[in-house]
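Common to both upcoming complexes is chain A, partnered first by chain B, then by chain C.
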Partner chain A sequence: MKRGFVGILMGNRKFIIGFIIFIVILMGGIIAHQTIPFRYSRTGAFPPGLPPGVKNILGTDSLGRGIDVQLAEAVVNSVQIGLIAALIGTLVGAVIGFTSGYYGGIIDAILRVLMDVFLSIPSLLFLILIASLMRGVTVRGMALIIALFAWAPPARQIRAQVLSLKERAFVDMAKLSGMSEMEIITSELVPHMFQWMSANFVNATLAAILAESGLSILGLGPQNEMTLGMMIYWALSYAAVFRGMWWWWGSTVFTLTSIFISLYLLHLGFDEVINPRIRSKI
Partner chain B sequence: MLNRRKLSKKSRFTVISSRVTLVFVALLIFGILLAQDVYAQNLPRDETLYVAVSKKVALGPKVFNIYTPGFDRSRTGLHQLVNEYFFYVNLETGEYVPWLAESFEYSADFKKITVNLRKEVNWNDGWPFTAEDVVFTYNLLLESAPKMVWSAEVAAWVESIRKLDDFTVELTLKKPNPRFHLIRECFPAVRIWGGVTILPKHVWEGKDPVKFNNYPPVGTGPYRLLSSSETAFVYERRDNWWGTEQYGVKPAPRYVVYQYFGPETSVAIGLTTNDIDSPAIGILSLGTYLEVKRKNPYVTAWHARTPHAWLDPCPRGLMIQNAKSPWDQKEARWAISYLIDRDAVVNLAYEGTTSPSWGPYPYYKGLDPYFATIQDLIEKYPTTKYDPAKAEEIFKSLGFNKGTDGVWVMGDGTRLKMDFLVDSGDSEAMKVTAVIADQLRAGGVDVTIRPLTGAVQSDTRLRGDWDIAYQPFCPGDTDVFDNLELFHSKYYVPLGEPAPWYERNSFRYKNSKFDAIVDEMSVTPPKDVEKIKKLFRQAMEIWLEDLPVIPIVQAPALVPFNTAYWVGWPSAADPWNMPVNWWATFNLVVSGYPSPETGEWVGGIRSSSPR
Partner chain C sequence: MWLYLRYVFGRFAIFIITIFIAITIVFIVPRFVPGDPLFAVTSKLAEMGGSRGSPELVEEYRKLFGLDQPVLTQYLYYLKELSKGNLGYSIANFPATVTELLMRSLPWTIGLLSVATVISWLIGTFIGAISGWGGKESKISKVLVPLALGLYTIPYYILAIILIFLFVYVWGIFPISGGYTPGFPIKFSLPFVLDVIKHSILPALSIILISLGWWFLSMRSMIVLLQGEDYILLAQAKGLSDRRILWRYAFRNALLPQVSGLAISLAHIVGGAIILEKIFAYPGVGWLLYNSITELDFPTIQGGVLVVIIALTAANFILDLIYPLIDPRIKYKRG
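Coming up: the complex of A and B.
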């Protein structure tokens, strides 16, 4: 236990590989986004449909925009959507989960129904509805829409954990030593759940990036900013696959897949740290 | 003991399940054979015309009631092959082709219209087609308004109908209208897409017109329904069609199939392997089409080369909200027009399949005489010109200053913002919106694209809750009146209330001088060409100066044809008709038609290897 949570994490190979891939993509995106002039992402900045070459490292799309500059902007925005949605989802989920699990009674009954409702309705349908009702979806707006459905799974899980934790001796001990209910939640229960919440955060980020892609492919993404989903939307609407414009869809799919793999590795790493039984032998 | 019983139970189960599997496999094979028989019917390929539709029909294969809301008259092939109309307008040549009717005549006050029907027409069940059928159909529509499709429009215009003799009917209108014969919702003449359909009285009489399925459909057309399934409608040529008896002409394909083959890729493959002769509009994108053409040299379109596409009758314009400041000033609207590089729109959003448009009309030959009268006006008001310097000049003269971020700012500090509404389900509009938005941003306008979909989008558009929106301007064809009437202030409603239709003044333009000219035109018969020309010039002078809508491009309709089995398709090289398989006029494409001037038979597709 001396090495601590972070220490164990840093010793986990999956976590480290995932972390490096993720940081490389994100930093690459941020640096490129800062250095490549914005006007290259405007329609008609280049001749349309150029394969990768000296002038355009990753080629151009059918609207004459550089793929490289789009990709840089898309990575930054997509990751931003993922992180914001996951953060809100996890935090709101935690508050609701702890409240519901710890206090029980009528509060629990109401919150449980709410969680069940949000867990059972097909979220994509609602996301489509909400996205189509919003006036001009921005990257942040998109994150909020997705966060609306991201809190229910962690809330349900945390509630289940809290139900078991609150029956343990250390909670009784804390009660006897005069701690208030709030103090018990924050200083006794939250630390127990923190690792699990971190793992959930990573997973929620991945799910949010996926949800953004799904919505954008339907044409409901942020039209005024570029995201990975919007890049796929444009590639599809110009039949890039059938026409062999591999640099367009290929670079987007590769980036999206790399982000997924890196986040999945991070998630696996967290899992192994939290649950020593599945930790790899090596 | 226990184990053995378990085992035997298990083995018994295995036997049963394998038998069940066997039965299932047999059923499946039988089903596939049966289905193949129904679908393909072993139709000889060189005698069959295959049209690919873009989706399955909503009401299924057994509903053929053309007046049922939601019935798909194009994707079933019904109004092209089974139903026929009094007249067909050939937009390419400007001809008004008599078909089920021989002629019509207005009374002097344009309150009555008398139609003389063709005498030798038969329904496909052998009954004669007479004035009784026409009177029955109009009365049915009048009685059931507004429950049947277009019955409300008929009820709005038609006072009554009566039979003068077996082959003559007289319609009395509620108010004078010299263009009644051009309103497709009220009269059985096809200009664009379709028209009112005359029903056989002997079939429909006594039926509930809303619930009746009309299966199998009875019509006067050259084909009758042979079979129908969820995905395919198969029609067979009639040997006793009146056209054959009258003119000795047989449409070349013995069978015509309207079929759903699947999404874009399936249709692309079908065209490549010569399984499809003509796909509907909107299935293949230009890139996919070019790829198909590269693989199969038999595939062509209206133009064999760029721009490939035919001109759809609805040119595209950028609606600008005239009821909002600063867009209520014509100078501001002109500044926006100068900021748009239409060549870039054509090259990027349309991949070169169309051309910039100076106004709200399609470039059809029939309209050329009218356009000729305003050539000097088009030069004076250069609506297709890209001139950012001029736009800058205008914005400065309107009191705008450029802020540090390059966006125009009013004296009171408000930034020049534009809310750009777009239908997210419309891939063409999405592409154009992306390009125009970037051009306006480069010109110092802070544009926000707002994609909406479904009823929300439609409602927002009608209520005018936007600054700019891309829009097709329909109908526009051989008569200049309709596209001017769209801008009449009788369709003006205040912001926030739904306009009658998108291009029917949801941009809220108002000019009483313009209204007066259109009003005069509405009572001028289209035959009075010289007067119409004069009025057209007067109206366009105001329109061009005011620029209530910013014209962008002509509308491309990319409709490929396969010449492996069928040749003689209309094309830019031989523009004898419109190349559209979803309009009722496709009847004329398949069969050809007698020229109204010379009586000579024109066109009709032919077999590439006649037997």
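Coming up: the complex of A and C.
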């Protein structure tokens, strides 16, 4: 009867499908990034505008760069931005939400206002402002900028969780049995919140990749590195859609959409496992 | 009543603090960038060969930012100018002010998004109701639910690229981009209005299709949840026709959350679809921001970002005030 959290997740069809799609894209990106020579991504490596063929599986762009090698680098970088921003956002959010919910009082009042403010400001606009002033961001820099606005949603959720957990009998039991505050937090509360944090993490990754592609399409992405957003930016800049270079924009759009769908499926899977009542809704 | 006032006060405090933080961030961020905050302005002016009244402009900026003063004084000065509605001059479009540029682009964004949002809401709500009433196993649900989930996942700008490929490149039905044919006299005449509509169909379609998924799913789940309610069972027991129960009983009760959702969406249209406008070169706020980014027109970026943030926050605040009045089920107490 005892199946762990991971065990239940592995039995969820949506989670498994999303997980497989995500891993296939990521591993494909990493392997291709390691094996295809980097010089193929330089301007003029091939004749420009080649449709997919034997030598260039995905064709070349208007500057004669291989699409396959660019796409591989873009997948690795975009996922990296998503994961870094989500990790920072979730951890910072967890600490803030936890402090707010567990200690209450004046700390809670201040942190709650801060959360409300960060939840109500449109983050894309601030990201545009910050990114436009930092000329020439790198992939890591981009991840950090996006993380600045990624902590508020997890913080609020963790806070609500802590508030409800705090009132439950097992916490009182732990207090009565003489556990210290730190022990209660690490051994009683954190394991319960771990599920929510992992679900938040998937959501935050999706949001961060979305933010990256949005900023890059506006021309605010890393100029010297390739991300999925930057590939769309270049494809749009060279009017790939109007020139019928479907292999250029098409492969990028397909990859990006697949990543979004896989992360969304992962998110749905988490939701169903954590919140069994949702299952009947859709 | 006392509870409501307390709630209003709390919301108002958040509203003021948010705007204050937004203004402060917009003020501070350029000062974190290494070098003179005017560096971008002066370098841009030098690029343009120092023409177009640049000494006057730099002087205007020294005055606006009070750069010889301590930072705190500069900040107070900035707040003062802001309260007068002075967002400064655009660098790329001097002598136009940022306020003028925003006033020129806002109608395009608001027009496009309000029409698209309402159309999407109407279609999604009705299809959602019919599909939800049919139950989980009905044929339309089996087709529409996965489709709606798919649409809901895709960002609207990706759909926009696919629509451009199909309707412009493959079939050549619609114009490539812009809000109207260049050189067309901008006045309120039938040919101009038709031209504007023709240019707005593709951007509108991207928004309609993407948000349709959400409206459909939320209405559907609402109707599904209502099916077991006592008053629906009673209506069925009375022998009312199925159609009458759906539209007169279930639909009406499921509508309230949908209407709140529509209000939220309409309140947020000032923020617009920045990336979408970039892709279609649609002359709204997003296009203005995109052009300001590529032309390093910082006053316009700052002003545009600030105005949109203030408008969105104000809209949120107004919604927060109206909510408890429309839907008594919402409690004043938060958290």
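Basically, the second predicted complex is superposed on the first by the 275 of 282 C-alpha atoms of A that agree within 3 Å, B and C clash if a C-alpha of one lies under 4 Å from a C-alpha of the other, contacts with A are read in each partner's own complex, and residues count from 1 in each chain.
Everything that follows uses one rule, which is that a contact is a pair of C-beta atoms (placed from the backbone, for glycine too) under 8 Å apart; a residue touches a chain by one contact, two chains touch by 3 or more.
This is a predicted model, so every value here is computed, not measured.
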Clash or fit (per the criteria above) of chain B with chain C on chain A: clash
First, second, both or neither for A:220, with chain B first and chain C second: both
Chain B versus chain C as contact partner of A:176, first or second or both or neither: neither
Partner chain(s) touched by A:133 [first = chain B, second = chain C, both, neither]: both
Per-residue touch tally on chain A - higher for chain B or for chain C: C
Touching partner for A:124 - first (chain B), second (chain C), both, neither: second
Which superposed partner A:249 touches (first chain B, second chain C, both, neither): second
Which superposed partner A:106 touches (first chain B, second chain C, both, neither): neither
Touched partner set for A:257, first chain B, second chain C, both or neither: second
Touching both chain C and chain B, counted on chain A across the two superposed complexes: 132-133, 218-220, 242
Chain B partner contacts - residues on chain A that touch it in the complex: 42-44, 48, 62-64, 132-133, 135-137, 218-220, 223-224, 237-240, 242-243
Parts of chain A lying in touch with chain C, wherever the complex brings them together: 112-113, 116-117, 120-122, 124-126, 128-130, 132-134, 159-160, 163, 210, 213-214, 217-220, 232, 236, 241-242, 244, 246, 249, 253, 256-257, 260-261, 264, 281-282
Chain A-touching residues of chain B, taken from the complex the two chains share: 264-265, 268, 285, 287-288, 290-291, 341, 344, 347-349, 351, 419, 422, 424-425, 427, 430-431, 433-435, 437-439, 441-442, 447-454, 456-457
Touch list for chain C against partner chain A, complex: 13-14, 17-18, 21-22, 25-26, 29-30, 32-33, 145, 149-150, 153-155, 157-158, 161-162, 164-165, 168-169, 176, 217, 221, 224-225, 271, 274-275, 278-279, 289-290, 293-294, 296, 298, 301-302, 305, 308-309, 312-313, 316, 335
